[in-house]
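Here come two complexes built around chain A, the first alongside chain B, the second alongside chain C.
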Partner chain A sequence: MLGLLATLPWWAGDQYQIHLAALIAVYWILVAGLNLVVGFTGQLSIGHVGLLAIGAYAFAILAGRYEWSPWIALLASGSIGGVCGLLLGLPSLRLPGFYFAMATMAFALIVAEITLALGDLTGGGVGLAVPGFSAPFDSPAGFYLLLLGIAALITWFTWNVARFPWGRALVAIRDNPVAAESVGVPVFRMKLAVFVLSGITAGVAGALFASLQSYITPDTFVFELGLFFFVCIIIGGRSSIVGPLVGTAVLTALPELVAPLAKLGNLFYGVLLLAVVLLVPEGIGRLFEVLLARLRPERAASHVLEPDTERLAAAIRKGRDA
Partner chain B sequence: MLGVIVTGLAIGALYAATALAYNVMYSTSKVLSVTTGHLAMLGGVFGAWFVTALGWPPLLALPAALVVGAFAGWLTDVIAIRRVLKRSDEHLWLLSTLALATIVQQGVGLWWGTEPKPFPRLLPQDFSSGIADQKYWLPIATTVLMALALELFYRRTLYGKLFIAMSEDTFAARARGIETDRIRSTSFAIAGALGALAGFAAGQLTFAFFALGLTLTLNGFIALAVGGLGSNVGALVGGAALGLLNTISANLIGGEYQNTVSVGALMLILLLKPEGIFGARNVRPV
Partner chain C sequence: MTALLAERVSKRFGGLTALDAVSLTVEPGEVHGLIGPNGSGKTTLLNLLSGFYQVDEGSVRLDAEDLSGAAVQRRARLGIARTFQKPRLLGSQTVLENAMLGGWRDRSAGLLSTALSLPRVRREQRMLRDRAAELLAGLGLGHALNRRANLLEHAEQRFLEIARALALRPRFILLDEPAGGLTGAEIERLGAVIRTLRDGGIGVLLVEHHTEFVFGISDRVTTLNLGRLLRHGTPQEVRNDPEVIRVYLGA
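Presenting the complex of A and B:
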C-alpha cells in the first residue's frame, strides 16, 4: 500500500493531484496525533487548528526570517507545538467534556487573535512567505515523498501506541475514567502525555503545511479547519487508525473532486457529522465491520481440550510420594 | 469612561441573555448546547431580514423572529438531543449540537452572506443621543426583564415548577408522571425564543452577522461558567462582568486581545472556584 502511494508522482495525472495527496499527508500527520486524543482518550479537542497555526508560524519565522535550516526549523516547530500543547493541556485537561471542548475552541480563537495582533512578528493580516526544503525535496514530487515518509512514520508510531497497554489505558480513560483510575491508570498524566504528543504532531504538520502552501495568513487557519480535523476522526470511527486515515483522505479529496460540495464547504461537514453521530455513532469504519461480519459470518472456532494424562499421572504420583 | 462602561454592560447583557438560554436548556436536559449562541444570531439575522428585506414593522418582526428562534430551539431538541439522550454516552450531545451549530451557521452564511449587515432602528430616535442610545439600553433592559420573567416563571407557574423538578431529578420527575420529553422540548423552544429576543434587542450593537453565533456560544458559556452553572443570578453577574472586562481591557490594552482576556479570566475563576461564583458544588459522580 505504502509502495503504491510512493509511486504516485509517476502515475498522477497532473501536479494538482500530487498537491492534493501531499495535503492529505500533511493533514494526516496532525490527525494521527489528534486521533489518540479524540478517538482513543475521548477528549474532544476541536481547536487543534491553533496548534497547527503555531507550528506553521514558528516554521515560517525561523526558516524564513532567521534563515535557519528547514530541518532544524521543522524540529523546532514540533517542539514548540509540544510545549504549547503542554501549556494548553495543563489547565484544560482537568475540565469535564464540554468545558474542555470550549477551552480548545477558545485556544484556536486566541491564536488567531494573537497572530493578527503581533503584526511585527507574523506579518499580521498580510501573512508570511514560507521557504521550501532543500533538494531533493524542493520539487512537488520530492516534497510529497518526504511528507509520505513522515506520515508513515507517525502512523507506525501511533499504531504502536494503540496496540500496546498504553492504548488500552487510553481507551479505559475514555470509557470510564473512574474505573481506569481505580485500576492504577494515572489518568491525568496519560491524558497530558497524549495531548503533548498531539501538540508535537500538530506543530510538525503546521511546519510542513506552511511549506506546502508556501504562503500563510491568519485566514489560512480558520476555526472551521479545526472542526474539519475533528470531523475526520469522528466519521472514521473511534479507537481505530484506519478509519480516521480513510476519513481524512476522503474528506480532503471529496470537495476538491466534486465541485458542488466545495461551494457548500463546511455545511457539508456539518451535515456529515450530524448524520454519523445520529446513525452510526461508532463511525463509518464500524459500519464496514458490521457489514463484513454479516457477509462473512465467522464460524465459532472450536477448541478441543485434550487432557495431558501423562503429566497428570506424574503429578498425582509426585503428590502421593510427598 | 462612562461610554466604555455602558458599552460593556450592553455587550454583557447579550452574554448574560445567552447564559440564561443555556440555563433554561440545562435545567431540563443537563445538556450544554453548542447552538445556544446561534439562537441569538438567528434572532438578529431574521429580525434584520424581516424589517429590511420584507419591510415589516418592528412590532411584527419581533414576534416573527421569536417564532423562528423557538422553532430552532425545538428543532435542536428533536434533531440533536432526543435520540442522543437515549444513549448513555455523554459526549454524543456535544457532537450532535456542534454539528447542528455548524449547519446553522454555514447555512445562514450561504443564504445571508458572510458580511455583517446593519440592523434597522427599532424605535424612532436620532443618532445624537450618545450613551442614551437605544442600542445600549435595549439589550440591557431586555435581559433584565428576561431574568425577572424567568424568575416569576420558575416560582409562580406550574410549568416552571416542572422545570425545577426535572432539574433536580429527571427520573423521579418521570416517575411522578411528568412527561419529561415534552417538557424538555418546551424548554428548548423557550430558550430559543429567549435567545432570539436577545439577538433581536442587541441587533443594532452586533449587526446581523452569521459568525456571531460561535462568539456568543463561547462568551455566553464563559459568563455562565464564571457565574455558576444553573444559576440565573450568576448568569447576569457573569455576563455583566465579562462585558465590562472586555470593553475596559479593549480600552486599556487594545481590542486585539479580547478573547485572550476573557478566556484568561475564565481559567482564573475555574482554578480558584471551579463551580463558579454562584454555582452549587456538585458531588463528584462515581
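Presenting the complex of A and C:
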C-alpha cells in the first residue's frame, strides 16, 4: 500500500493530483496524532487548527525571516506545538467533555486573533511567504515523498500506541475512567501525554502545510479547518486508525475531484457527518470490523461458567511469586 | 503479615454522616464479610479503603503505612484491588483486553517506548496477556477471550471484573456485592472462587446483601447500621447477636 502510494508521482495525472495527495498526507500527520486524543482517549478537541497555525507560523518565521535550515525549523515547529499542547492541556484536560471542547475552540479563536494582531511577526492580514525544503525535496514529487515518509512514520507510532498496553489504557480512560483508576492508571497524566503528542504532530503538520502552500495568511487557518479534522475522525470511527485515515483522504479529495461537491462546500461535510452519525454512529472503522467479523463467525460457546479453581490457584501463586 | 486497616474512620456528605468512627481490619488470607441494611455505609467504607473517597476523620493504613489521602492509583499500585457493584467493564473491548488492564502496575513502558514498539513493550504485553489468559481460564472464561465484553452475560461480567482485579496481583481485594444478580448455582461457583483467593493468601473484603452466602464463607463478619459499627465477630457470633437480628436479619 505504502509502495503504491510512493510511486504516485509517476502515474498521477497531473501536478494537481500530487498536490492533493501531499495535502492529504499533511492533514493526516495532524489527524493521526489528534486521533489518539479524540478517537482513543475520547477528549473532544475541535481546536487543533490553532496548533496547526502555530506550527505553520513558527516555521514560516524561523525558516523564512530568520533563515534557519528548514529541517531545524521543522523540529522547532514540532517542539513549539508540543509546548503549546502542554499549556493548553494542563488547565483544560481536567474539564468535563463539553467544556474541554469549548476550551479548545476558544484556543483556536485566540490563536487566529493573535496571528492577525502580531503583524510585525506574522505579516498580519497580508501573511507570510514560506520557504520550501532543499533538494531533493524541492520539487512537488520530492516534497510529496517526504510528506508520505513522515506520515507513514507517524502512522506507525500511533499504530504501536493503539495496540500495546499503554495505549489500550487510553481506551479505558475513554470508556470507563473509574475502572481505569481502580487498577492504577494515571488518568490525567496520560491524557496530557497524548495531548502533548498531538500538539507535536500538529506543529509538524503546520510546518509542512505552510511549506506546501508556500504562502500563509490568517485566513488559511479558519476555524472550520479544526472542525474538519474532528469530523474526519468521527466519520472514521473511534479506536480505529484505518477509519480516520480513510476519512481524511476521502473528505480532502472528494470535494476536489468531484466538482459538484466542491460547490456544496460545508454542506457536503454536514450531510456526510449527519449520515454517519445517524446510520453508523461508530464510524466507518467499525463498519470494516463488522464486515470482517461476518467473514469469520464466532462459534457459539457454551454458557456454563465453570471456574477451574486449581488453575486459578496456580495463577494466583504465580502472581504472588512474581 | 500486612493487614489493611480502617481506624475509626468517619465520612460525611453534607450534613449526613455516612460513617461514624468505624474500624475494620482485613487480614491476608481471610474473608471478611461486611453486611448491613441499605444505607448503612458498607460501600462508603469500601470506597474509603480503595481511595475513591477520602476519610474526614480516622485513618486508612496498610500496616504501618498511612494511606489516608492517598489517591486510588497509589493504593492500586500497593496491591489493593476492587470490583464494583455494577460491573465497570470496557464494553467495546475484548474480555482478554479487559483483564489485561488489571496488570497495569507491572508494566513500565510509557508513551515513547510504546510508540517505538521497543522489545520491552512487546515483552510486557506478552507477560500481561499470559497472566490475564491464565486467570480467565481459571475463572471459567477461557472460551470467551476474544469476545466483546458487552456481549457477556451478567455472571460472566462479574467474573471478568474479578479477573481484572486479580491481574493486579492484589494483596487485598474488595468485592462490592459480587453475588448481586447471580443465580444460586453461580453464587456457589463464586464461593469457590473466593475461597481460592483466600487460600492463595489474598485478603478479601466481601460487601454483600446475601447474608447466608456471607455467613457461609467469611472468617469474620462486621455488621454496620446507620453508619455505625453494630457487631463484629465470627459468623456464628454475629448471626446470633440479638441486636443484629433485630435491625437486620429479622426473626
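The working rule: the second predicted complex is superposed on the first by the 290 of 322 C-alpha atoms of A that agree within 3 Å, B and C clash if a C-alpha of one lies under 4 Å from a C-alpha of the other, contacts with A are read in each partner's own complex, and residues count from 1 in each chain.
What we mean here is this: contacts are C-beta pairs under 8 Å (C-beta built on N, C-alpha and C of every residue); 3 or more make two chains touch, one makes a residue touch a chain.
As the structure is a computational prediction, the values presented were derived from the model and not from experiment.
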{"item": "Which superposed partner A:L227 touches (first chain B, second chain C, both, neither)", "value": "first"}
{"item": "Touched partner set for A:A106, first chain B, second chain C, both or neither", "value": "first"}
{"item": "Which superposed partner A:N176 touches (first chain B, second chain C, both, neither)", "value": "second"}
{"item": "Partner chain in contact with A:L305 - chain B first, chain C second, else both or neither", "value": "second"}
{"item": "Per-residue touch tally on chain A - higher for chain B or for chain C", "value": "C"}
{"item": "Partner chain in contact with A:V277 - chain B first, chain C second, else both or neither", "value": "first"}
{"item": "Which superposed partner A:N160 touches (first chain B, second chain C, both, neither)", "value": "second"}
{"item": "Shared contact residues on chain A - chain B and chain C", "value": "178"}
{"item": "Chain C-facing residues of chain A, complex", "value": "157-158, 160-161, 164-169, 171-172, 175-176, 178-186, 190, 193-194, 197, 238-239, 298, 301-320, 322"}
{"item": "Complex interface listing, chain B residues touching chain A", "value": "32, 79-80, 83-84, 87, 89-92, 94-96, 98-103, 106-107, 110, 214, 218, 221-222, 225, 254, 256-260, 263, 266-267, 270-271, 286"}
{"item": "Chain C to chain A touching residues, read off their complex", "value": "50, 52, 72-74, 76-77, 81-82, 84, 88-93, 97, 100-107, 109-111, 114-117, 121-122, 124-125, 128, 131, 134-135, 137-141, 143-144, 146-147, 153, 155-156, 159, 164-169, 186, 189, 192-193, 195-197, 199-202"}
{"item": "Touch list for chain A against partner chain B, complex", "value": "42, 44, 46, 91, 95, 97-99, 101-103, 105-107, 109-110, 113-114, 116-117, 178, 223-224, 227, 234, 264-267, 269-271, 273-274, 277-278, 281"}
